[in-house]
Amino acid sequence: MTDTAADVSRWIHAFQAEIAEHRVRLTELDAAIGDADHGTNMDRGMRAVVAKLDDAGVGVDIGSLFKTVGMTLVSSVGGASGPLYGTLFLRMATAAAGLTELNGDGWASAWDAGVAGVQARGKAEIGDKTMVDALVPASAAFAAAVGRGGSSAEAWHAAAVAARAGVKSTVPMVARKGRASYLGERSAGHQDPGATSTYLLIECGAEVLGGVARADRERGTATESVST
Amino acid sequence: MTDTAADVSRWIHAFQAEIAEHRVRLTELDAAIGDADHGTNMDRGMRAVVAKLDDAGVGVDIGSLFKTVGMTLVSSVGGASGPLYGTLFLRMATAAAGLTELNGDGWASAWDAGVAGVQARGKAEIGDKTMVDALVPASAAFAAAVGRGGSSAEAWHAAAVAARAGVKSTVPMVARKGRASYLGERSAGHQDPGATSTYLLIECGAEVLGGVARADRERGTATESVST
Amino acid sequence: MKKLINLPENVVREELEGIALAHADLVRVSLDPYMVIRNDAPVQGKVGLVSGGGSGHEPMHGGFVGLGMLDAACPGEVFTSPTPDQILAATKAVDGGAGVLHIVKNYTGDILNFEMAAELAREEGIEVEAVVVADDVAVKDSLYTAGRRGVGATVLAEKLCGAAAENGLGLKQVADVCRHVDEFGRSMGMALTSCVPPSAGRATFELADDEMEIGIGIHGEPGRERMKLASAHDIVGMLAGALVEDLPFRAGDEVLAFVNGLGGTPLIELYVVYRELDRFLTDKGIIIGRNLVGSYITSLEMAGCSITLLKMDADMTALWDAPVKTAGLRWGA
Amino acid sequence: MKKLINLPENVVREELEGIALAHADLVRVSLDPYMVIRNDAPVQGKVGLVSGGGSGHEPMHGGFVGLGMLDAACPGEVFTSPTPDQILAATKAVDGGAGVLHIVKNYTGDILNFEMAAELAREEGIEVEAVVVADDVAVKDSLYTAGRRGVGATVLAEKLCGAAAENGLGLKQVADVCRHVDEFGRSMGMALTSCVPPSAGRATFELADDEMEIGIGIHGEPGRERMKLASAHDIVGMLAGALVEDLPFRAGDEVLAFVNGLGGTPLIELYVVYRELDRFLTDKGIIIGRNLVGSYITSLEMAGCSITLLKMDADMTALWDAPVKTAGLRWGA
């Protein structure tokens, strides 16, 4: 498992396409418990990201690639998700600073740093019904697979499975962070939009970088709202 | 035909009751070509008038009775109809100043003065789709009947018939005065609310002072909107 | 009917009580008859300014009482002209010996009631002039109508005359300022939704979800045309186009451009409209010397806007810039 | 969707262009990134004041930029927080060497973006303090929520801090004024109709013709309770009752009473509400020292109102009375 900046860039492009495809659905999820803009926000941000990458060129330094992604998200998304996704990538950038290749351990520390950044910024814990519910288990599963000496495919697959379980787990939760928390008990029964977009991010990694075929992961079903 | 202040007061009371009964209908007529307040305006004014009469007592001077009616309408109605109905009664007051009885000639000159006042104030002519279209022919018919030596019943009956024809004549007219004039051609096909309330005023006189039975005059039909 | 009110028949009284409580530093309010009077009226030696009309157009007129604008406002019931005794009482209350100007919007009811009031006031020895403002180009001004309605230019007239009176000008000169506004001011409005008069309890007219009314009056009077909802750009083209043609306003003319909300339209939309108006006028070489953007002459909760253009000169501009201290319009004081 | 706009995606930019054109005498506007900046910024030696948030709440915040209030506002897209680079750029533009205060409404997005901006600004050597305003009592303030939303008290904070900064107070003292407002200010709102975000194109929630939402947020967030439409008297009882209990406000307390329209509610109704509020507070022995009635923090075209009460003392009152010269709030200048 070693990925170059070009590989990482393919992942980011795939994520942009995925967000564009699920924009309306993500906004609908946000309409139910937030303010109906998560799809619009992420779509605006990811379009800006790929425009930037296509403009500026990807280069070889994975750290600077992540930094470009993070900075662009921060400066184009706004809302809660802008700084959170931005921080995720900016911290991954610090972890991958100067690297031209990312191996299993490299990815694991990047994820770890990114997730820590998101939690430091947003103060959310598992169970608060946020993107953290997808991100933390995914990162942990990735690291565990790498620790067991697993392949790239195994690590990404484990992460995607964990992210998928994480996003599903948000459905019954009562939100304690973000806009959805205003709803109190009424937030239960709805899938968190941020956790859903995070799941899409990791799923894209599994496909593009882990080479895990889409069908294996029942792609896309996590964007369907699950009623309880 | 000689009426005392008490007779005149019965007429005014009857008119108040008539307006209260037809309030909604008058407002509906005004909604079609004006601003939906003629019934409310006249009802507010006539309630104030009878309250004033009941409070202050009617006295014997018909001139002061008319003056009270006119002043109260002026100060409680507002809109176009307040000054116009107010002026009608204030001019009748001047014509009847100091009189304790009104005979045919007295009534005819009072009407004549009142109508002249309304026209001086509002500058409307026959055909402009206003209360003038009921008032002018009614006053003329009253004077003609008196001139022919007709009885009170005959004079009031002639006035009511003329007023009724007058109000009906407003239906096809294109308004040239008041709020309805903004509608231009679209005002045609609607009966004028002010002409309608004027018709009710004269009809009440015919019943209370002329002793003309209601059925004879197909009472109330003039408040129905006539579609063309 | 969805309104923040108690009983519909008490709206005007309760509103006036609210104004009295909120703005005791600026005005005193009489409930019988309804009047909003400048706190320090009568100002000796100053021409008194009185306006009035039906309620439902707030902040006009009660919100424009104070230093540099009206001395008194006479609110009628919703959409119903005030009565002569009300106007007479206000005229007497603000007469500081230099005469009183009545600023009257051109509606039959307003005209007749103000006329009677002026006659009564003159009988009592007060010098009164009345100027009728008739600026709504949506209505044909002809022998066959009651003439153009008085709308947005009235707000400007009240400000400009107020400044003129404050500067010590005489009755005739202050009236001339008002006549200038009437002569060189033009307005037209449009509605996205109807107003709902409280006593009627229902919309005055119905517009489909994709319709608008061009040329609407501030009492919900029908306009020139009902048509499909258009963009702000096209709406401004229609409204401003009609105004510019009417006076006409010409390249090189300097104007005060007034974008007014009708009560249910938020400021964000008014600025979008103002941007279009600026572009429209700039395109024609017409110069915006001063502007006003906000909801100043409303029609209850009607959504929509009106545009008023007033041709300005240096004197008018100086009057516009002069201090004004009212609940609805305030600067320099 | 019935709005006076062109393309929904251009509303904010076009609004800002409109503001730039209408208020060139007060502010300069940047379109990339979006900023409304006081004309004479940076004012040397004065603490700079920056606020911002999603658009759709006009006149807040862009309409509050000027002498005696904000030095800069950062508008985001409709209902979307601005980004850190925007806030950073504004912070740099208004830094007059005395530090910059960020006035932040308590929403996760606003907090996070302002936090990042403050970090970046500090890295560039600018002293930044941030105070979060969280005054909406409709939301439970607990570990289990993102905390109370920042609403009406923000407007008051911007005015009061603006005056404090103008008076030459230091960053910490100006921030203390903001903390005072946060500590002693409470708000609650209610809606008669939903807002319609332009990009969504449809109402955020549906209310039946006889329903209202008590405790609504300014982005159409659900409130405490949906119930049958009540009288202004009862509505004020519910809103003001919740506020008074919460602080609590006690007999003898002096307050600033702020009745705010949400964008689609006309002034006539707000005065009816103000009358009820005055009666409610007077009944409880609470004294209204100052008041504000109008639409200052809106939610697009939502019909409804909010009430804010802020406990005042002599210092706060002096700050309130100090001159302010902005498009949205102006007196004494």
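Each chain gets a letter, A, B, C and D, in the order it is written, and its residues are counted from 1.
As a working rule, a contact is a pair of C-beta atoms (placed from the backbone, for glycine too) under 8 Å apart; a residue touches a chain by one contact, two chains touch by 3 or more.
Please read these numbers as outputs of a predicted model, since none were measured by experiment.
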>> Can you compute the centre-to-centre distance for subunit A and subunit B, using the mean CA position of each chain? Integer Å is fine.
In response: 79
> If you average the Cα atoms of subunit B and of subunit D to get two centres, how far apart are those centres in Å?
Replying inline: 56
> Where the CA atoms of subunit A average out and where those of subunit D average out, how many Å apart are those spots?
Replying inline: 33
>> Graph shape for the chains shown, where an edge means the two chains touch. Line, ring, star, complete, or other?
In response: line
> Pairwise, which chains touch?
Replying inline: A-D, B-C, C-D
>> Applying the document's contact rule, which stretches of subunit D touch subunit A when the two form their complex?
In response: 33, 54, 76-77, 79-86, 107-109, 112-113, 115-116, 139-140, 143-146, 149, 197, 199-200, 204, 217, 219-222
>> Quick check on the complex: what are the subunit A residues that touch subunit D?
In response: 27, 31, 35-37, 40-41, 74-84, 86-87, 121-122, 174, 176-179, 181-184, 186
> Once bound in the complex, which stretches of subunit C touch subunit D?
Replying inline: 2-6, 11, 14-19, 21-22, 55-56, 58-59, 63, 192-193, 209, 212, 229, 231-233, 235, 263-276, 278, 288, 291, 293, 295, 298, 300-301, 303-305, 325, 330-333
